[in-house]
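Below: one structure, written as structure tokens.
Each chain gets a letter, A, B, C and D, in the order it is written, and its residues are counted from 1.
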Amino acid sequence: MDFSFSEEQLMLRDSVDRFLEKNYSFEVRRAFLESRQGSSPQIWAALASLGLMSLPIPAQYGGLGGTAVDLFLVMEAFGRCLMLEPYLPSAVLGAGLLIHGGTQEQREALLPRIAEGGLRMAVALTEPGGRYDLNEVDTRARQEGGEWVLQGAKSVVLGAAVADLLVVPARTSGERGDAHGITLFLVAPSTEGVSGRDYPTYDGMRASEVALEAVRIAPHSVVGVPDQGLGLLEHVADCAVAALCAEAVGCMDALRHATVEYLKTRQQFGGSIGRFQVLQHRAVDMLIACEQSRSLALLAAVRVGGEDARERRRAVSAAKELTGRAARFVGQQAVQIHGGMGVTQELNISHYFRRLAAIESLLGDTDHHLERFARSAGEAVPAVVARPASRWRQLA
Amino acid sequence: MDFSFSEEQLMLRDSVDRFLEKNYSFEVRRAFLESRQGSSPQIWAALASLGLMSLPIPAQYGGLGGTAVDLFLVMEAFGRCLMLEPYLPSAVLGAGLLIHGGTQEQREALLPRIAEGGLRMAVALTEPGGRYDLNEVDTRARQEGGEWVLQGAKSVVLGAAVADLLVVPARTSGERGDAHGITLFLVAPSTEGVSGRDYPTYDGMRASEVALEAVRIAPHSVVGVPDQGLGLLEHVADCAVAALCAEAVGCMDALRHATVEYLKTRQQFGGSIGRFQVLQHRAVDMLIACEQSRSLALLAAVRVGGEDARERRRAVSAAKELTGRAARFVGQQAVQIHGGMGVTQELNISHYFRRLAAIESLLGDTDHHLERFARSAGEAVPAVVARPASRWRQLA
Amino acid sequence: MDLNYTAEELAFRAEARAFIRERLPQEISRKVLEHKRLGKDDYVRWQRILHEQGWVAPGWPLEHGGTGWTPVQRHLFEEEAAEAGAPPVIAFGVSMVGPVIIAFGSPAQQAHYLPRILSSEDWWCQGYSEPGAGSDLASLKTRAERRGDTYVVNGQKTWTTLAQFADKIFCLVRTQSTGKKQEGISFLLMDMNTPGITVRPIITLDGEHEVNEVFFDDVEVPAENLIGEEGRGWTYAKFLLSHERTGIAAVSRSKRELRLLKQICSQERRRGHSLLEDTRFGDKVARLEIDLLALEITNLRVLAADRAGRPPGPEASILKIKGTEIQQALTELMMEAVGPYALPFLPAAWGEHWLGEAVGPAYAAPLAARYFNYRKVSIYGGTNEIQRNIVSQMILGL
Amino acid sequence: MDLNYTAEELAFRAEARAFIRERLPQEISRKVLEHKRLGKDDYVRWQRILHEQGWVAPGWPLEHGGTGWTPVQRHLFEEEAAEAGAPPVIAFGVSMVGPVIIAFGSPAQQAHYLPRILSSEDWWCQGYSEPGAGSDLASLKTRAERRGDTYVVNGQKTWTTLAQFADKIFCLVRTQSTGKKQEGISFLLMDMNTPGITVRPIITLDGEHEVNEVFFDDVEVPAENLIGEEGRGWTYAKFLLSHERTGIAAVSRSKRELRLLKQICSQERRRGHSLLEDTRFGDKVARLEIDLLALEITNLRVLAADRAGRPPGPEASILKIKGTEIQQALTELMMEAVGPYALPFLPAAWGEHWLGEAVGPAYAAPLAARYFNYRKVSIYGGTNEIQRNIVSQMILGL
């Protein structure tokens, strides 16, 4: 049992922190936020040269082979500075699917480019009306003349606006809601029949509605085993949830510190408002919420790197559920304690608040993960099926 | 719209308050509490001479024909003084079943005796394993040689230890859980085959387990329409829930006042603890919880006297749900604020706390009524079926 | 004890309902019901319709243009108006400065200002808060110096709601800086066109422009614009804060929003059934509905006591606390209900002239912004912490 | 970062488990697991078994009879002991007065008292709280007047847990009444058999006799029973309060109780399915389980920091707050789970020699009493309000 970070991890954290402190102040970020794209190619490139894009990627594909605990540190730092770059969809979700389910060819072709920052990915996790359930897939893929033809719609796809490559789950058998019958496809946004609508989300990020109209895809674009994509998708989504929880911890910590600072400096009724016991106790409860979240975010990071799928599910959903509650409490109380200042866009308080609200709902809200946790004791876990090396060729 | 009590109601309240203040101090009550029977025949008789037993009973049967709002005032006063007498099972539940479902003969024979205080009743609402559902009736009644034969077991029957007459719901058709097929029977505890086990409950009241072993009952002992007893039972249980909510309001008010008094007088760190803002705000939240409970307890009292069964259900379950939450909060915080003194039996604080805990669970706990409220929009309400005057004779 | 309305009350309700049904423009009610942004025109248009009927200021004495309604009638009117999607009457004129002018203004002030409020000729805003004086209002610093027949005002106000629309502002200003800080405060009326007044927008977390900073730079205000006596402004301000009771619990609006929440839930599906049938979500809605039902009765109890002639009291703080908690919870549940479709953020979509297509269901578009916007309700008009302090002190005697 | 135990730690756990399995008397563990009342004999019997093994005081230095375990080993032992239903080692001797004697006692005091604590020859109790000095401990009034070689003690202590079993008491007494109130306090050991000491039971809300009042009437105490220096008792008391960290979160016990809660839920049926399958109830259990899982990690994080040599700090208050909230929630859910069968109250049923039949399921009998009893955990050892004050001051600097 050891809760300390390694030398390398501490160095990683230091270098990320140093970079962000210097290059990602609230004012700099605001300029990106108000730009058309909502993020910055320069920052993206800089994050890549810091090695963050290659962090989760195995060494053999040009990566650093980092662990989910390394990722915890990066995401926590991103949470503290409210990073706008779509790191999660590309480096965690997209790369993760390739790492855990891609063919040798796919990995060799794509992972090094992701690691260098040259290729961005996005994963279309949800469909209209499907809420947070990964098995609510109604997009259809049928085989036609040696190709796959995709038809359907995907909703609120994070990072799709700037993605060079999408992963699109589609149904190759069964009905909406079935666990079996989901296959994952690599789809370039430029493919004929793919259209999208980009929009900002309330946390300053971007997402897209994606429509697929008779989109023809080559057979080697399948990631993972046909019909058995759900287990892979769920595994990688769990990695992303763990990362989101780490980001939330960073957000909450920053917000909490700002709030304590405000309590010490804001003068009302002839003294700092930090002398009011009700606000003191609330700040204590915010601290406890943060520390409890940090505990489970760490546990989730460790468990997504482990072998036991049931333990992974359990830890990830526990972390997301508790973090969701904590994020709402900490966010709302930080705004409340800051009073009028808390509701303006001028202070970073409301920016943290909105990002925490988004994290609360992304990849399954609090209720969703509460149910998943409650069920985790009894339910069967869809396996991440290891793809036989040549399987997809047979389909061609 | 008028929230004021009438002259008569204020007089009723004054006379009850005066009596209780004089004759039911905490010390006097403690003596009853520690007695074998756990209550007092003298107090019972005195309550009867105050007219409280006859309050809910129509004038034509020797009663005062009071309303549920009158009952609200009585129960609130009982809550304030933690009345130990089993008034609810007899005057509200037992008498209520006869008033709303009894035959002319039953009413004429029994109601005047209840009004005088000479006859006590108890109603066996629940069965082992049935939790709070009134339709979870597994006790069976079959007809045999012009009589009914009852077989089964009833659990936690309030007031049964001192009751002269029980009302026992039994299944005359259908299966456990069915709404149809429940018939209510008047059963004297002395009838052969009836046995019981009396015990104290944690609030200082008494309850009993009742076993029915081939108990033979005369056909005119049916209350209400055979097979259709559930609607009647539910209606009268709703009246009792409204009364319990009023009692809870009395309890909470007394507890709240005691707590504010303690905040003003208890000295710590060189002053009264009432100067601590956290305790001030908690006292405010206790006040709000009390007032919100009072609002719905009043609404429930008005609605149980009305015609609309759906409105009645909705108001009663809303009141019980909110009162349950309030009772737990107010009870726990009163104990917490009193510190060590709150957990002793020497102060009345813990006595209120325990009675509130009991009220929280009696006749359906908070979850039970939350569900019932949530369902009340859609579900059919079992009707209180008016019994044709001569129906039971035909069965003989 | 009779929780039914009297025949007279029911007749009044029918009258109010008929009037609103007939006169409330559908363009306006649709905006309200669909959480679209309202413009100044919308507010003024509805207020003028109310004024034609003589119903714009029910809280005023009859002789100044009030309605003579009982508290229950006022409540019924609010219920009907909220239900139908009428916009609220902007409070600053009718409910705030109006009653102060009626109670403490000179006959000349009354004759000049009151009719202009009733006719919506003047849009008022409120100059109370300052950057250093939020909850601790009495420590305000904006100075008004008497020079002959003129006050010269310097300083800054903030959180001034809808000042961008305002013709007039009523301000608390410091006319004396010695003695107890409450004592040197005066209540001053100003024209927003006076040279030296600058309005700067504050954009709030929902991206909206609702509040402002207002700067005063050697603003010359005629001394006749002083309300009552110099140095007694704190008394008038307290009168104003305690005056407006009806509607503080926002029960009528919350009932409308609860109905909307249920509509949304009935349309949102989760694994093949509606969200309202989902035990987990349905329980949250039911619990909130119960809280609101209780608040509705609590509110009526306070109103009824009002009619019985008891003075308005700190119970208003209880209504504010519980009312805002419920309003905020409603916005939370609505946002949760629509799942991922709460995320898209297109402020244009709830603007006036939006012709585009919503992302996801149309009702989802403004829900996150509303959740964010409603964080203010537990802050403004005295934070809920201040309200609890008031109840603790005034009701519990702690 | 490695959340798995090391091979050494796992080996230690196996050793602890084997020992407990072999030596913990089943009569005792059954009582613990079924929430029956434990007698003095039960505690002493188990402590003597631990003492034979040298494991009764893991927190003590090796030279005084400690185990030399790491914090993680101590945690693992506690897990195993709790899981198996071992009774807790009574804290007053081993965890409270013992460390004070080790740190501040004279060699003679150490030689006399420590072995008697280890062997359970002396049962200690704690004389801290007084009727007028609860959370504000420093305002205590019990006086000890020095007369030659003797202190004469007069006054009263209260909330003295299990004083009815005690052979010895350690007391905070006032030896000087001028100056700062913390400065005149001394730390005194007494024999409970000394003339002038009277113990009066306090019956708590669960009907149990667990705490007492202790009266001192001209009690003559040898001056050699003073710990350290006169007037420095407050320092020793603070040392004592901050010393004991392990176990404060009660994670191990709560994990055991959570398992029991789930067992109860799986047996309680509602409309044909088990309560664990009931969304409404199952959610409450799941939420609590998540909180407990988080606390388990938080607790281990604090332990790990401990091992890293950092001084014990106010994080203990966080563990206490969250730990007690969880313990109380567990008792609430257990009571709720059994429905109407929580009501019967037969204290004899959880006594030692009960041969009667329970009303309802046997596990239901003690649940309400436990719920009542556990209200104390957020009160004693510094109320949760005091704990929040500590965190606010010591960690947040407010």
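Note that a contact is a pair of C-beta atoms (placed from the backbone, for glycine too) under 8 Å apart; a residue touches a chain by one contact, two chains touch by 3 or more.
Everything numeric in this text was worked out from a predicted model, so none of it was measured.
The chain pair A-D and the chain pair C-D differ in C-beta contact count, and the higher one is A-D. Taking the mean Cα position of each chain as its centre, C sits at the greatest distance from subunit D. With centres taken as mean Cα positions, subunit D sits 53 Å from subunit C.
Distance from the subunit A centre to the subunit D centre is 43 Å, each centre being the mean of its Cα atoms.
A straight line joining the Cα centres of subunit A and subunit C is 40 Å long.
With touch defined as above, residues shared between interfaces to two or more other chains in subunit C number as follows: 279-280, 283, 385, 388.
Multi-chain contact residues, meaning those touching two or more other chains, occur in subunit A at positions 276-278, 281, 370-371.
Residues 126, 128-129, 131-133, 136, 155-156, 177, 197, 199-203, 207, 209, 267-270, 276, 278-279, 328, 332, 335-336, 339-340, 342-346, 350, 353-354, 357-358, 361-362, 365, 367, 370-371 of subunit B are the ones that touch subunit D when the two sit in their complex. Listed in rising order, the residues of subunit B touching subunit A in the complex are 276-278, 281.
The touching residues of subunit B, counted against subunit C in their complex, run 1-6, 9, 69, 260, 263-264, 274-275, 277, 279-281, 283-285, 287-288, 291-296, 298-299, 301-302, 315, 318, 321-322, 370-371, 373-374.
For subunit C in complex with subunit B, the residues that touch the partner chain are 1-6, 9, 72, 279, 282-283, 285-287, 289-291, 293-298, 300-301, 304-305, 308, 318, 321-322, 385, 388-389, 391-392, 395-398. Against subunit B, the residues of subunit D that register as touching in their complex are 129, 132, 134-136, 139, 158-159, 202-205, 207, 211, 268-272, 280-281, 332, 335-336, 339-346, 359-360, 368-369, 371-372, 375-376, 378-380, 383-385, 388.
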